[in-house]
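Same chain, two partners: subunit A is paired with subunit B first, then with subunit C.
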Partner chain A sequence: MKINDVILHAVTKIVVFIILTLAIYLFLSGHHSPGGGFVGGLVLASAFVLLYLAFDIETVQKGIPFDFKLVAALGAFIAAASGLGAVFFGASFLSQAFDYFDLPILGQTELATVTVFEAGVALAVVGTVVTIILSISEDV
Partner chain B sequence: MIEYLVVGGLALYGIAIAVAVIRMIIGPTLPDRVLALDIIGVNLISCIAIISVMLSTTAFLDVILILGILAFISTIAFARYLERGVIIERKRDS
Partner chain C sequence: MNNILVFPMVLPLITGVILIFLRPFIKLQRWVTFGVMAVNTGISLYILQKIQKDGILRLDFGGWEPPFGILFVGDSFSLLLVLTASIVTAIILLYAFHSLDAAREKMYFYPLVNFLVAGVIGSFLTGDLFNLFVFFEVMLLSSYALVSLGGSKMQLKHGIIYMTINVVSSWMFLIAIAYLYGTVGTLNLAHISQRIAESGQTPILTVISILFLIVFSLKAGLVLYQWLPGSYSAPPAVIGALFGALLTKVGIYALYRMFTLVFYHEPAITHTLIGIMAGVTLIGGSIGAIAYNDIRRVITYNVVIAVGFILVGLAVLTPAAVEGAVIYLVHDIIIKALLFLTGGTMIYLTGTARIENMSGLIRNYPMLGWIFFITMLSLAGVPPLSGFLGKVLVGQGAAETGSYLLLALAFLSSLAVLYSLLRIFLNAFWGETIISEEDEIPLKKGRLVPLVVFTLGTIALGLGVESIAVYASDAANVLLNPDIYIDAVMNDN
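Let's turn to the complex of A and B:
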């Protein structure tokens, strides 16, 4: 039986980009307001889950050829390495630093090394959640 | 005046959520329960909006967006489960 899900595919192709935008916003707003790497990673993972729901596993993996176990491992490595970098400057493990820079368009911007750590956390969360969802769905 | 309206609206949404919970418990079929769960999600979004009006803050607006996304995805997942029995397919047969 051929299943007609044109509406689901059309809605998904638009809504996925809205969810990805919200994930980036949550990731970047985590410095001074609610948000951060964990929540951004969860919303990013929910965008991938929506893609897997609307389409099937093989189509999505043809478009996004990542092994999500490797993504989780890479995220954990980035988070640990950003903490280890502080040791070489004489600070204790996981110390973070920030400074103000004059960027061309944005003006004076505060850049912090905790963003690298948060990026690692986000990658680890995305990899773990998508791996769990895919492993559960394979049992059926 | 506006405080009474806000608190009254919150109480009415609480009643609506309670009625949806009753429907979710005694619902005869599975689609009734799924629909009650969706109604609870939408009412929670409205409750958070009213609470953010009551506290005059914008810190809860991210919660509204995330709750809307989760309600949308869970509705799609339940609908696929009811319609086909499998949530994530390995390969489409079309």
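Let's turn to the complex of A and C:
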């Protein structure tokens, strides 16, 4: 029997973009208000999980050809390495710095090294969640 | 600020992550992991020297001063354990190169070992209770993977038991932390200790301390060791050796830290309880070690006996006993690794784990026989091998405080250790040789060399015990005078 999932497909295509936008918003807002790499990463992962649910695993993997185990490892590496980076500047392990820059279009913007750390956390979360979901679905 | 303090933990962590990308290159993975352990050994030796010179070291992560941030604290006790763990892991890895099957090596064995070591070392170094929980989890997650790596039926069965027990105990750990935070309002170990010293150890704090005692007893295998023999004997000998050498020691370390630094005001309740638990562990472990004919079971029950023995030192809490316990802890990490690897080698050579099916191995493999003999003497505490001084000092402490029952149990358990291993020796190495020369599986150098290195290690540690006794007595001094630790964390800059 062929399942009619036209509506699911159509909705998913739009909703995924909303989720991804929310994820990036949460990620960036984490610097001063609730949010951050972990929450942003979870929301990001939920977008991927929705894609896997709406379409099948093979189709999604053709579009997003990453090995999510490696994504998780890359995230962990970025997070740990950003902590270690501080050591080379003579500061304590995991020290972070920030400064204000005048960027074109954006104007005066605060850039912080903690964003790099948070990006690592987000990637690690995405990689882990998607790996878990994929391993469970393979078992059934 | 002593950034050097974070390297023993962060080097294995980063290496483990990088090795995930280098999955197809097994040879590279092997030597990189070995190299990291060697570098770690050097770094921890350097830090240990620095501590003797400058006192306790501290690193505030991100520059957040205690009690607000998390931090690493390095004293002689932690660094002695970090050093031993690094050396022993390096040598166990040498054995892994020649004994582990390619399938397991390809399934992220080396990254997992790196993460395991990062968790173990992080637990030794952290000065923050919640951070301790995090590092316990890092260590446990890798051990879950390692215990079931390969997926044989035995491994999966015991893997599930192991995981369930540890998930439950981690949950209890978290609750205990929440209770303590709710009561004293801080998570920094030194700050907790300071606050408890100010307010006195009220009954509610004593109850919380007993919850911690239960949690760490589950992890260390004190009384609550029923999960241990199965899950340590199911995986291959290399993984068993890593677990036997490192994992229970982290639980023991946490018990020592908590009950000397934080909950030391009510020894009549807590330390008496620890004494009773240590006694029960000694009896239970001894019965187990004597009862089984399966080499792996005998070895894992020997782990249990050692846990009981080391905790006798915490129960009596005199300078001599604690110093002895620290020395014994170092000795035990080395000798348990050797014992697991020797047992694993015997099983590999004979194809059976039951001693009644082995006989006359000493004719086929004389070297292995002598290594086993020395291991046995060292475990029983025969001088001049490394188990001797630790046992004497712990015994001296027990005698000083008049805990004659514990003293008797501690030394009767040594007899049980000797008897259980002597039985293996008599059955497996003496008697009629049943393996003919044609059927003999050659004992490759790759397997023999790590065993020889460990054996030389136990002899060297026995003869040169004076060299680590300096550090051990400094460790005991800090453990028995919490003010030194608190002062270094809270006041020093």
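In the analysis below, the second predicted complex is superposed on the first by the 140 of 140 C-alpha atoms of A that agree within 3 Å, B and C clash if a C-alpha of one lies under 4 Å from a C-alpha of the other, contacts with A are read in each partner's own complex, and residues count from 1 in each chain.
Assume a residue touches a chain if its C-beta (ideal position, glycine included) is under 8 Å from a C-beta of that chain, and two chains touch if they have at least 3 such contacts.
Small disclaimer: the values here were computed from a predicted structure and weren't measured.
Within the superposed three-chain arrangement, the count of touched residues of subunit A is higher for B, of the candidates subunit B and subunit C.
Once the two complexes are overlaid on the shared chain, A:Q96 sits against subunit C while remaining clear of subunit B. Once the two complexes are overlaid on the shared chain, A:F38 sits clear of subunit B and of subunit C alike.
Of the two partner chains placed by superposition, only subunit C is touched by A:F77; subunit B is not. Contacts of A:V87 after superposition on the shared chain: subunit C is touched, whereas subunit B is not. Partner subunit A is touched in their complex by these residues of subunit B: 59, 62, 65-66, 69-70, 72-73, 76-77, 80, 84-94.
Residues 69-70, 73, 76-77, 80-81, 83-84, 86-87, 91-96 of subunit A are the ones that touch subunit C when the two sit in their complex. The residues of subunit C lying in touch with subunit A in their complex are 1, 3, 6, 10, 13-14, 17-18, 20-21, 59-63. Residues 2-3, 8, 15, 19, 22, 26, 29, 33-35, 39, 43, 46, 49-50, 52-59, 133-134, 137-138, 140 of subunit A are the ones that touch subunit B when the two sit in their complex.
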